[in-house]
Amino acid sequence: MIKVEGMTKRYGRNVAVDNISFGVQKGQIVGFLGPNGAGKTTTMRVLTCFLPPTAGTAEVAGYDVLAAPMEVKRRIGYLPETPPLYPEMEVVEYLVFVGRLKGIGKGDLARRVDEVIERTAIGDVRTKLLGRLSKGYRQRVGLAQAIIHNPDVLILDEPTAGLDPKQIIETRQLIRKLAGDHTIILSTHILPEVEQTCEQVVIISKGKLVATDSVQNLTNRLRGSEAVAVTVDTPGGEPATDQIRQKLEQVPGVSRVVFKEARDTRQSFEVESLQGRTVRADLARAVVESGWNLVELHAVAFSLEDIFLQLTSTDATEGGKQ
Amino acid sequence: MKTDWIKTRQTRYTAYATVYIAIILAVLGVVNFLAKRHTKSWDSTANKRFSLSDQTGKVVKNLKQDVRIRYFDRTSEFQRAKDLLDRYDNLSTRLSVEYIDPDKKPQVAKAENVRTYGTIFVQAGAKKEEAKSLTEEELTGALVRALKSGERTVCVVSGSGEHSLDDTQRTGYSAVKEALEKNNYKTRTISLLGKSDETAKPGTVKLGEAPAAQPAKVKLGEAPAPGAAAGIAVPKDCTILLVGGPRYDYMEPAVKAIQSFVEGGGRALLMLDPPLKLGREETGDNAALVKVLESWGVTLNKNLWSTPAASGSFSD
Amino acid sequence: MKNIWIICRKELKSYFASPIAYGLMAFFAAISGYFFYVAVAIFVRRGMESQMMGRGMPMDMGEWIVRPLLMNISVIGLFLIPMITMRLFAEEKRTGTIELLATSPVRDIDIILGKWLAAMLLYLAILGTSALNFSFLFMYGKPDWRPLLVGYLGLILQGGCLLAIGTFLSTTTRNQIIAGTATFAVCLLLWVLDWVSSYETAAWAQVLSYLSVVTHFETFAKGVLEIKDIVFYLSMIFFGLFLTARSMESLRWRA
């Protein structure tokens, strides 16, 4: 349904999106994950034909964004980061306007507006001016205008930003319900959201593609390695932090040692192992054999957050592994 | 990396956009230029205040040489002149109008001998004519005069008590002579009397001595008038005939001469005082002349026109 | 095609939903009414004066009232038009609604024409308030109606031209005030060009003077319809909207 190949978007010297490629199947929900400024919004703007790509191609519903933008625009519903509302219009008036704009015929218009108002639960504020709505309602109206013409593809930029927890849950439920009929791509920097709503994840950082996989695979792949928390007692500052670290690093199977904190006379480290290696036993032995006091040793569970941070902070060289 | 920049879509787009704008600008420029040249206008005012007459149009459109109209006046008065002069300007590319403020460009004004504000000169080639006032008649008149080649002579008839060109008294026409000469007209006094009643005056032509070509002057198609047989006719080189208030009646030959002249295409200005018997000077009825005038459709009314000094006015 | 109308309607509703439209109409009606009053007063006084002096000449209402009034109204347009066009695109850029328009299946040109048309209709409505003044002339006299109509045609064309320029300038910034000021400056420039160069004869002066809207409007005010003036205004309208289209395009490339 969506196919992006080698897409780059440059503003003068500044490269916002650098050579990314990914694909979304029909009916899937894909999460677009990345820190702020990673290029998520830019990519979405290219997909919606708002911006033309500097290089590469993007295809939505079989139509190229540069060659056939009108066709693309007919088939997408877009909710930008700030919902595009006209403050002086009323809710219904606005939805009617958008409906007309998207090409809904006069006969269907009233019905569709009612349908969409019900689905997004904004019936209470039908006659209110958009300028006076609360953030939650605004977001919902934004969602309503995105789905009013029943587009094949929905592109949602941070759809739950600024909502209270109850509204967030409702919105996520709504999005999940929409999947299947629609292909959805949503961007966010809230990880649990991706875990809960999306099947696929595309991780992007500093304009570059970092990883794309199903949520399941990603966590599995990275859980193949282990994380161990080690705390060593260092009375009188002996041994030094570096000493301990070096020692731990030398343990076979260790990929990384991160110094966590020093409390009283204790130093805590987090040790990550390479894929498929268990290092707990060896770590314990290394500490004891050095003559230090091992205070604590336990496994640490990996959350997607860790994965995310790991992936985005190490300027990952792996890209697009499936 | 640097060469990539040149090849990118962005640069291509910028180049395309710039060229596009430049082309459109050029096209619009040409369209407007053509429109200005070949503009047509429709004056919707009831009395066509802002249109020039057909005659003016004909004269200007048929211009074979460049004509320049120069308007000398204070800048604040330019607006007033523009209404009229611009219309001339628009009729032909050969006609150009200049607005010159003598205060701002004294040398130009001096070179053209401009004495007063509101002077208008029409210049065609070497000939320069002045239009007396800012009206279409004056301007077109000056234009026509400037375009005409050849000399123009005003022949003033004398011998029957007309006002004389050389008379510098109040009732004399010496001022008329001056004005005419200022406007590039030559003046001459002629006599339409027979040889016998003529007293030789310097500068007058005696018809008896006229060259043999004289009779041929009488116009085409008509039998020569009796006067012509006796050799009385308006000389060939007269552009305009001026009859200035004769006190004695014109004889038949003279009247016939005037008639032939006018009906042959000559221009005549006939100024006739009403035949009042006011005592000191009597003015004759001049019946023969009046009859010819009537045959042209001109009736002389013997009416009075007086302007009292009090407010209000009446005329008839 | 109907997209143009959809956008136009929305824009008109926007104008009339806020005090802008009513404010402008009131302001304009007041000022043109005042000018009308002054013109008639002068007319009457001159008429009486010349009668008293014994020169009871007939005075043409067209020359004394209609023409100067039309010229004054066209000047008021200079102030009016920036206020109409400043929000057309600037506001959409500021609130982000431009994204909605740009990602919907409507062509750029539809958006531009829709907005310009709305501005024109508002301008026509405002102009209409001045018609009231002229109707008084008809009630009490018999002025020549044809030059009046021609004069209004001139006002409409001139309005279209300046509105097109204003629309273009509105796409260049998010700030309404900047857009409005720039539009006012350009309109003023087009106005003043005439003063500077109308009486010079050099080629550059002729070109500059031809660019001025005053040069062309004067003919309409007199009641004369000239092809070259109509062509001028239409080309300017076209050019203004053309630039707007280029500007919208470049927005996408620069965003």
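As written, the chain order gives the labels A, B and C, with residue 1 at the start of each chain.
One rule holds in what follows: a residue touches a chain if its C-beta (ideal position, glycine included) is under 8 Å from a C-beta of that chain, and two chains touch if they have at least 3 such contacts.
Remember, it's a predicted structure, so these values are computed and weren't measured experimentally.
Trainee: Under the document's definition of touching, what chains do subunit B and subunit C have as common neighbours?
Mentor: Intersection of subunit B and subunit C contact lists gives A.
Trainee: Averaging the CA atoms per chain, pick out the one whose centre lands closest to the mean of every protein CA shown.
Mentor: C
Trainee: Can you tell me which chain lies farthest from subunit C, using the average of the Cα atoms as each chain's centre?
Mentor: Farthest by centroid: A.
Trainee: Across the interfaces A-C and A-B, which one involves more C-beta pairs in contact?
Mentor: Result: the pair with more contacts is A-C.
Trainee: From the mean C-alpha coordinate of subunit B to that of subunit C, what's the distance rounded to whole Å?
Mentor: 43
Trainee: Can you compute the centre-to-centre distance for subunit A and subunit C, using the mean CA position of each chain? Integer Å is fine.
Mentor: The mean C-alpha positions of subunit A and subunit C differ by 51 Å.
Trainee: Can you work out the whole-Å distance between the CA centroids of subunit A and subunit B?
Mentor: 91
Trainee: Which parts of subunit B, given as residue numbers and ranges, touch two or more other chains?
Mentor: 10
Trainee: Mind pulling the residue numbers of subunit C that touch at least two other chains?
Mentor: 253
Trainee: Among the residues of subunit A, pick out those that touch two or more other chains and give their numbers.
Mentor: Only 52 qualify.
Trainee: Sort out for me which residues of subunit A touch subunit B in the complex.
Mentor: 10, 52-55
Trainee: Which bits of subunit B are touching subunit A when the two form their complex?
Mentor: Subunit B reaches subunit A through residues 8-10.
Trainee: Residue numbers of subunit B touching subunit C in their complex, please.
Mentor: Subunit B reaches subunit C through residues 10, 13-14, 17, 20-21, 24-25, 28, 31-32, 35-36, 38-46, 49-51, 75, 78, 82-83, 96-99, 311-313.
Trainee: For the complex, which residues does subunit C have touching subunit B?
Mentor: 54, 60, 62-63, 144, 146-147, 149-150, 198-199, 201, 210, 219, 222-228, 231-232, 235, 238-239, 242-243, 246, 249-250, 253
Trainee: Help me check something: in the complex, which residues belonging to subunit A touch subunit C?
Mentor: Per the touch definition, subunit A meets subunit C at residues 11, 45, 48-52, 70, 73-74, 76, 78, 80, 82, 84-89, 93, 97-98, 100-103, 145.
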